[in-house]
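Two complexes are shown next, each including chain A; its partner changes from chain B in the first to chain C in the second.
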Partner chain A sequence: MRTDQAARPINTRRTPHSAAAVGLAKRSIVNITRLPSAFLPSVLMPVFQSIAFAGTFFAIIQIPGFPTDRSINWFLPLGTLMGAGFAGIGIGFSTIRDLETGFYDRIRLTPAPRSALITGPLAAALIRAALVTTIVIIVGLIFGARPTHGPTGVLFLYVAAAGIAALGTGWGLGLAFRFRDMRAAAIMQLTFFLLIFLTDAQTPLFIMDGWLELVARINPFTNVIRLARLGFLDAPITWNNIWGGLIAIVAISALTLTFARRSLARLSDS
Partner chain B sequence: MTSPVTTAPLTPTRAPAETSTIAQTWALSVRSIQSLLRQPSLIVPSLIFPLFFAALGTSSFSRATGLPGFPAVDSYLDFALAGAIVQGILFGSTTGATALATDIENGFFDRLLASPSTRTGIIVGRMAGGMAYGAFQTLFFVLVLLPFGLSIKGGIGGVVGLMVSGTILALAIGALMSAMALLTGSAEAVQGAFPLLFIALFFSSAFFPRETMSGIYGTMADFNPVSHLVEGMRDLVIEGVSASALARAILVPAALAVVSIALSLRALRHRLGAS
Partner chain C sequence: MSETALPIVAEGLQRYFGSGDNIVKAVDGVDLQIQPGEIFGFLGPNGAGKSTTVRMLTTLLRPTGGKGRVAGFDIVSEADSVRRNIGVALQDAAIDPLMTGTELLRLQAVLYGLPKAQHHQRAGELLERVGLTAAGGRRVGTYSGGMRRRLDLALSLIHEPSVLFLDEPTTGLDPMSRISLWEEIRRLNNDGTTVLLTTQYLEEADQLAERIAIIDHGVIVRKGRPTELKAEVGSPTLFVTVDESTHQIATGLLAKFGELRPSPEGSLGVGLHEGPSAVSNVVRELDDAGITVRNLELREPSLDDVFAEATGYRLEGAES
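== the complex of A and B ==
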């Protein structure tokens, strides 16, 4: 007896990188609707943070020299970056879930190029971050935020959010591949949380006292937050306020994505 | 050949003593505390995060203490202590309720119900563990922050007042979250309810005075009982022991505790009826 399957030639074609990456990105985006409980916190948390901080710390704009007269303008970019970071780290969470259930082993058995296992989730994180940023901006506008430099200024917020999402993805994937269980989730969140808050997240550098000022000055995330806030502060947009943030994003993203690629290679070797 | 064991009389020398309600509750309280101590990863965040935020706030907002509406304080750290204590207790009390939900999930709660222990002892035992931890947290925050410049105008009496307030607050929050655990039987649901406590904390005067807030934020803080609780505790730190400060620091969480215990007992009855 002849079977069609036995007669069929083995498929030796290599899946194009772009097709594999797009497929993985689509899967991640579809999961937003299939598992909203995993994505909703990354939207609700930055919205809540922006509103709550703006209300609680409303009075700090009265400090002489404060760079805006609206507290929501100060805290909205911070909330957005938190959301973008968690959009990236969330990719790490879902990868851990796939590793634990064994689904990731099946992905690795496909002929997809290894690099697509990084770029696919990265693309998904960038889309998620753009979504979060848009939602936070809309809610922020309702609560009184006003961009001070038009669409160009807002664009810097999107750039910073994309950068944070990219570095968050690299960090999340790298730790997921190393630990392969939920221990990694705690490390992802804690390190990101610390790095974001040990900056001028709450008040400008000139208002701080003591150890935090020193730490914030050397923390590269301070430059990223400065970039994100450009379109919401009264100060003019200058190259001096831009380049530090761009370099920080590129350098840290390169480091974390390299970490993710190497961790994936190590996972494949084991 | 007969062995001495098989020929030994089977009648017990005395009937097993029935344990008192207090002894049962005590045993369950000890179990509750031991389960916390055996899993440091569960309690460390509730000790570290409030201290981190207090340190962060002290460095960030030290110049804000001169703004109109801010009470006269030596440093922002003095102002922030009450908020840090409440924040820590909110974290810690959720841990105890999550453990109760886990007991329900893994069937241990049903085994307790099948035992001759009193129904309320099961719940009170869990809450007593949380109360002891709440008192410990309060003392821990005070002792850790003292070398960093914290000054408590109320002295020893103020610290005792803070501990009493922290203990009752732990009871109130523990009972509230236990009600959630009993109603849902799900640790995930208890964890999912935690953000509601976080919202209550942030829309209060835990981190900045109500007098500096405006519009809807100020109104929400005015109506939020957490504001009045925190302000009572804060007055013990920055002004000293007074009847007004003690009343707010103790009566507000006590009122919350009465309501939340009623809720948790009702949830227990609901669960017993369902099982």
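== the complex of A and C ==
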């Protein structure tokens, strides 16, 4: 025993939240380049979906009162939101991998603020979502999409995508922390698909009928899709079409990110 | 020394899993007091409660009951302060295989709040210390098991912790890597780091630890200096291998020379009250009874004997 050694001074150095969050976000982004196969589907799938839906359902624009004369203008925002959602949920997938391999224990052992363990991955998801949105828009433009309200309108698509990525991150992380294995992945995907498709994702509300119309009308994701489409439809941009989507994004993101934070705290319980 | 000045203190630490009839008492009232600058060995078979105890002391797992203080801080209410002052290398050296050794060390430096100017220098120092300078730019997925362990150790040292937890650091390593890691642990201890080392290897505990605790089924069954614990066992153990058909007679004869002790499968063990001089009498007695002795081995008291006396079974040869 080294009794001749003076006791080491107590380490009181605090880890800045921003530094920890940036460090974790950077790791997540770097890993995209290391394992592109895990990221590529979240880019290719929305691109394919936008083009395929626009081609398959091109006659949709013949519905009287349809809000655009280009089917790709209708489906591109949907594809973008799907990609943004998977950017967020993808963070949940990679967290499951870290939990299963034990690397997440090493992260939890550090004195990094626990909130940074949420905001770091969130920042990574926002960057991924921005990347996906940009790629889908570029491909969409090549295939005939035309923004109807200039850059301001396109900005709403980015805002909606960021919101979907944020709430997807909260949901993905929360489920990953609760289940700690791939069971969480199935729930993440299923719930996200259901919530997105039980809206006016495919057809406008005014031609929907029965329970599907009722569910789509009360589903807050309908408001988010409306926000995303603002810059691609012929109707003027009004505050009435904006606030519902913004509130839905803020409220659901707050709920899912709180769920993630609480689930992280519960990791020490079992 | 007051308890708050001790690097590691556990009082009645408990961790139960499940509930009702299915409750599993993984750790059931562990008491520890580890002195500054000590290497303390926590010895036990798989599932004994070693790792669960370490997970509680390192804030990864909330205790069901009892108290713990590490580096002077409560492991539940002051978990952040505990984390700032400990280094931990967990059992499986779980490291992101997609990142390089240098990237991982830098990330670790960020998460421990080291000034940015120190990240590069500290990463380089630690890679050199664990002999991974040449491999620092390679992805961890290409590292061997021994290299991963060394990197894991380096990661746990990024902030120069005063207390180091090593959970089975040499499990699965080849003998050379094991000895190399032992030397590094000794060096760290010489620098003043208090080390809690869990292991299922008796030799490791004997080589490194100044004091050990033996844990079995979540309970500490022996605690003290290895030399003292061995002395408590007293007499040496004679292991005799005879034909299966003569086991029963041989057992009766051996019992005349001392208490029967747990032995590896296929052999019989007896603690010789009269010491090594009784060996010739044992052989003569067995010979007179017409029992053929296949093998004979006299062992001075070892930690395995201490373990066997405390638990009723041997750790050596136990399934790992």
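Methods note: the second predicted complex is superposed on the first by the 257 of 270 C-alpha atoms of A that agree within 3 Å, B and C clash if a C-alpha of one lies under 4 Å from a C-alpha of the other, contacts with A are read in each partner's own complex, and residues count from 1 in each chain.
By our rule, contacts are C-beta pairs under 8 Å (C-beta built on N, C-alpha and C of every residue); 3 or more make two chains touch, one makes a residue touch a chain.
These figures come from a predicted structure and were not determined experimentally.
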{"item": "Contacts of A:208 with chain B and chain C, given as first, second, both or neither", "value": "first"}
{"item": "Which superposed partner A:105 touches (first chain B, second chain C, both, neither)", "value": "second"}
{"item": "First (chain B), second (chain C), both or neither touched by A:268", "value": "second"}
{"item": "Which partner reaches more residues of chain A (counting touched residues only), chain B or chain C", "value": "C"}
{"item": "Touching partner for A:63 - first (chain B), second (chain C), both, neither", "value": "first"}
{"item": "First, second, both or neither for A:29, with chain B first and chain C second", "value": "neither"}
{"item": "First (chain B), second (chain C), both or neither touched by A:52", "value": "first"}
{"item": "Contacts of A:16 with chain B and chain C, given as first, second, both or neither", "value": "second"}
{"item": "Chain C-contacting residues of chain A that also contact chain B", "value": "none"}
{"item": "Touching residues (chain side chain C, partner chain A) in the complex", "value": "5, 17, 35-39, 58-62, 71-72, 80-81, 83-86, 88, 90, 92, 94-96, 98-99, 103, 107-108, 110-114, 139, 155, 159-162, 189-193, 210"}
{"item": "Chain B-facing residues of chain A, complex", "value": "44, 48, 52-53, 55-60, 62-63, 197-198, 202-203, 207-213"}
{"item": "Partner chain A, residues of chain B touching it in the complex", "value": "52, 55-64, 67-70, 195, 199, 202-203, 207-208, 212-217, 220"}
{"item": "Footprint of chain C on chain A - complex, ascending", "value": "1-3, 5-8, 10-16, 19-20, 22-24, 26-27, 30-31, 34-35, 98, 101-103, 105-112, 268-270"}
